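Per-chain residue numbering starts at 1, and chain names A, B, C, D and E are given in the order in which the chains are listed.
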Amino acid sequence: MSVLQDRRRVLPPVDTIPLQFKEDEGSSGSKETTIARTRTIRPIFIKQSVVANASGSAYLEVEDIKLQCSVYGPKPIRGSFTQQADLLVEAKLPSLGQDASNDKSASIEKDITSFVQTSITPGIILTQYPKSCINIMITVISADLENRNFKSLLAAATNVASLALVDAGIALYDIVTSASVLLSRNENGESLYFDPETPRESEDIEGVLSFMTGQDESNIVGMWLDGENITSKNLTTLTESAKEAACQIRTLFNGVILQEFHDKEQEASNSK
Amino acid sequence: MPVIAISRPETVYGGVSGGNRKLKRANGGDEEDVDGVDELEYEDADSGSDAEMRDLDDDDGDANDNDKRSGFGSSTKGSSLVTPGELITEDTMWMRGHGTFSQDEKTFSSVAGTITRVNKLLSVTPLRGRYQPVIGDHVIGRITEVGNKRWKVDIGGNQDAALLLGSVNLPGGVLRRKSESDELQMRQFLKEGDLLNAEVQALFSDGGASLHTRSLRYGKLRNGMLVQVPSSLIIRLRTQLYRLPGGVDMILGINGYIWLSKSSKVAADVSITRLEETSGLEIYSDTNEEINTSTRENIARYANCIRALAFKEVGVNETRLIAAYEASLAYASAGDLIEDEVKAILAAEALAADRSDE
Amino acid sequence: MNLDSTFLSVNISVSPFSTVDRKKRPRNDRRIQECAMSIQRTFQEAIMGHLHSRTEIVISLHVLAQDGGFFAACINATSLALIDAGVPMYDYVSACSTALYDSISPLLDPNNAEESDLPFLTVATIGKTEKVSMLLLESKVPLDRLESLIAVTISGCHSLRDQMDRQVRKHGHLRITKRSE
Amino acid sequence: MPKRKDISLNERQFILSLLKDSQRLDGRAIDQFRKVDLKFGDSLGHAEVQLGKTRLVVRVSAEVSKPYEDRPYEGTFIITTDVSSMASPLFENNRSSDDEMLMTRLIEKAIRRSNALDLESLCIVAGKSCWMIRADVHYLSYDGGLVDASCIGVIAALMHFRRPDTSIDGDQTIIHSVEERVPVPLSILHVPICVTFSFFKVDEVPSSTENPVAAIPGSGQSANGVPTADDSAILVIDATAQEEALRHSELTITINKNRDICQIAKPGGYSVEALTILECANKAYKIATNITDLIYRRLKEDESKRNAGNLVPLTAENER
Amino acid sequence: MKYSPAELSYLKESLKASPPIRPDARLETQLRPIEAISNILPTANGSARIRASDGGECIVGVKAKVVPTSSTSELINVDVEISGLKENNSLASTLSSIFQSTLNSSQSLRQRLKLTSRFSFKLFIDVLVLSNQSHPLGLVSLTIYLALLSTKLPLLTSSTDDSKAEEVPVFHDDWDQARPLCDIPVTQSDSSKKSDSHWTPPLILLMAVVGENIFIDPTNAEEQVASTGLFISWSNGSISAPLRTLDIGSTDPQGISSTVLSKAYSIVEQCGQEISDSLTAVYVQDEDASSSDF
């Protein structure tokens, strides 16, 4: 074939440009809410077991961020023997066709994949599943990548993956929870925000950290900080507050998981 | 001590293909180096590359080349260098070995290397190449695949060697028949990634080799670490097992894989009669013994000494290694041994010691 | 796959910064693929593949800067790399290109500007024979000029073979002296 | 040029020993090109080529498109070669092997790169619109010589094709239908013809009459492929599928009637004397002349057939 | 490469010890020696090649192109190719994205690339990893650093103010008039004389965490026994974005404690300046060498 071209369809003229809609004004969230809220996280909606044919799945919603994650496996792999399970994380952004820069969304997908993978791997007892693989698919149903904080999306993605793993009944050392924080620095001094909505300003430091909060020591399993001139003190402040936020999320999750478990048990006994 | 040592390259990318600018850049003005790399070294390399450039400039597009062939006649002497396509001899008395081919009853070289003659066998040993197994070689290998009644073992050759289930000692004694249950639990004995030392038992016509570990000297390796050097740096000797000062044992695999480990209590050679008593399942254990800090430090130091010898392409043997080790003790931190100039000093010390030994 | 002989696989990657204008080439660019395949077929004949059956030799070529003679340089580099790797070969494979200026005069080893304006041909020979292992001509040349073009190119190949041999020897002697110090 | 087909040892030896005696299975001389059968279809730009058992159809079409940014004054021209298992089970659908890639490149170099089609004549409005000419080659049956046959097919189809006429009215381009205005032939600058030569090693060919050439003394090494001084390869023109599977190297020369070599490709393989290549070029020229004449003859026949029913012949439009 | 369980446990114990013993006896803060050269590509605005002692090798070419500022949000494009791996494999794209976002977030670099009110330079940084034994992040970072140091941009001769009349920028013909992209300190380790406009490229250092110990420039074996990989960026004399954990192929990934994190912080603080000074010295030397040629 000399050129790759779709010959089954009638193609539009070569110089076609896609339709562009007028910006819907006033839709983006106002910044005031961020300022009002400091050391608390935004309300989260969680639901487990949303995909019937996956081994486990979860849905998570925080304002405009809507994520769904399904876990497939452990299932056997073909080929050579492995001592422990292979973990494969894949993230998918909504492809609404309006995004001209495909490269960019691919690189964002890679960023999510790599952060979630690093974060959740230490939590899974991989050695229990030799010669098998676990696939984790994260679907970003909605997220504003331009005007909202990317670190908060990363945290949400890690959390939804953790919940899906629990739902799949895969052996875990601990449930990994992730939280984003923002340290705002200006002439008035420093102030800290949990779960920020908007991206950092030039002087700020933002970050997302994943923890296995059930363990006392060595509990940081994932980290991504951005910002310039980060002092050692900043680092300590960020890690400690992120841990606090992660603990909040963990408490929330425990409740949800237990509730879900009770519901299922109830259902099982009712059907008998 | 510097956090990072940076040197500048000695040679540059392909003389034939590159533009001049590239060459000049890299060759010009090496008067001072970043962190005191041996001055002499540099000048040597430099003048070499300069000459290289002149050659290229002079000869560009010049098809006249008869002057070259005259050098070929001299190739019959000593350890002279031959290159592919070069006529070695027109004499038909020679048997043609590795690295040669014949055409019209003449013998030509097929590799760049040195001529070796053993009786009537004429062969050319390449300057570089992968390990070529020979029957009886004591080698170290790594399992790459567990297959049907055999393991595939990487020994640094062109092909992975085969280790048959029938060629290993299994728990319960050496002369026992291999049963089907053995076949099913092959991965319990040796699995992918495991290191073992073995002997080359047979060679196949396609260049492959088969190994055996039917002696207590052979088997799975534990309590230490592996260092790899080109196989051309290892000389075949009566024994390849050494006990080095500092509580370190070394197995010098002919294939260039060198195993450094804590000295074992048992002597390296065990009589064959005691075999059965000692060959329990623990010979396939993955657990290391207790190893103290000083032994670990010595192992790392020896590893660096071996790398230093390899860096200068000095053949590795016991005398040289011990000499290099002793010279290295002048550096309190063994971490200093990774710098190029220290490596050169160690290699020189090792050679000097070896010469005085003779 | 032929199990009686070594299987050569050739990969060429052209760096985006190799040309004056940055240009990222897809790895499956057909011109590059054709070049890789011609190299593979040329060397399959030059190496003594029957000595290493059931094996594969992977050749990776990275083009860092281009100023004419792309194909020829790839072949010469491959030759040197195979010799350095100690792969048995019948002889050096050397390649060279010649452009035709003014429809009359052959111009050995044209640079980028010359290649883009003039027809040129690339030839590879194994050793110093008049036999052509690889020949590539992609632009119009009068039939009657072909002979002189090929002749000049072959002599260029022979000269390159000697230059490469000199470098291999120099390098070899350096290594031998290093070893026997 | 599909991937190597397995040929039994007996068959192989038989074919090779015949070649050594300058004979071929189909009774041709070793330097004889097969008879080219060229037909044109009912529609313009439809050509069918048969070369022995090799058969293919070429269909040329035109549509209005946008020129490439770096070449605003030129039209575009693409050739697609669609080798499917219809031609031979040796080809896999939708997966192009190395050989097929080489073949595509060759056809492309022979016709597109040699400027057989005048691209500037395809420009309608500089930088805005131009004609895109597309030649689709479909292979019906394979018995060697795909490149040679495709090249004949593509060039003949291009010469046969007529594109709709256009005119410019202000900033509007009008494409006239066939009924409205007589369609225009493409401007063909020259007629490139490919001839493929196959080479066979002499030392591998057992002779049927004499004992093998220059016995190589039994050294440990097999003498495979050693370039000996005095052997010269057996040269075969227009190989069949079987011969293609057995050959040791090939050489494709593209040449036109003006003695211009458009392209030579010898992608490695067994080495051949430089003089042999020159000899091949001269042979290729003779063959190309004959084939070019044939194409012109067939075109003329087709034209007179088409014009037979017409009241007004189109000659005035065509001769330029 | 796969290691045997016995090797891995030997290694892990050695690295967990206090003080740790690395397989090549290096200090925790010691990098392996490298061989570096800048300005090796005649067709690029800046370039460098670094060879690591384990055979790893990386070549970087930097090319600049004039673009209208409005046409693109990212003025720096990083493209990584790793020999032997497929195009767009995850390692290469992870590396591209790390360097691209790090460099694009630097305001002073963007400022430097600005030509006129309408036009800027866009930098194309093409990274070619010829071979790598261990994770190539550190090696690539060192090479990009050196290549950016050696990058020169042609001198603008047309007016810088084109807000009124659109005008395509015109440049000086003489390459000797080109201005360097980065500020090169006249003497090394003269970091005290920094001004606000001073800018050197960021340096990203990769570390492996084993137990409570941190190892800079980990070898392949060390990566396999690590709890996790960690990288920290050093830019203009201070720790900057990004600080991230990274999967470096550990066989047994684990979490790390905040003590380890601050230890990593202080290690980079300790040796960041020294590494960037050493590389600057290489560039200065290459520069002297090439100028003495003419």
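Note that a residue touches a chain if its C-beta (ideal position, glycine included) is under 8 Å from a C-beta of that chain, and two chains touch if they have at least 3 such contacts.
What you see is a predicted model; the values in this text were computed from it and never measured.
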Relative to chain D, chain with the most remote C-alpha centre: A
Which of C-E and A-B has more C-beta pairs touching across its chains: C-E
Mean-CA-position distance for chain B and chain A (Å): 48
Inter-centroid spacing, chain D versus chain A (mean Cα positions, whole Å): 57
For chain B paired with chain E, centre-to-centre distance based on mean C-alpha positions, whole Å: 34
Centroid distance [mean C-alpha coordinates] between chain E and chain A, Å: 28
Two or more partner chains touched - positions in chain E: 40-42
For chain C, residues contacting two or more additional chains: 48, 51, 64-65, 90-91, 127
Numbers and ranges of chain B residues touching at least 2 other chains: 13, 19, 22, 101, 192
Chain C contact footprint on chain E (complex, rising order): 40-44, 47, 59, 61-63, 65, 79, 81, 83-84, 87, 124, 126, 128, 130
Residue ranges of chain B touching chain E (in the complex, touch as defined): 1-9, 12-13, 19, 21-22, 24-26, 28-30, 32, 34-35, 142, 192-195, 220-226, 286-288, 291, 293, 296-297, 300-301, 303-304, 307, 333-335, 337-340
Residues of chain C defined as touching chain D within the complex: 30-31, 33-34, 37-45, 48, 50-51, 90-91, 121, 124-127, 129-144, 146-147, 150-151, 154
Residue ranges of chain A touching chain B (in the complex, touch as defined): 80-81, 83
Footprint of chain E on chain A - complex, ascending: 84, 106-107, 110-111, 113-114, 117-119, 121-122, 202, 205, 207, 211-212, 215, 217-232, 235-236, 239-240
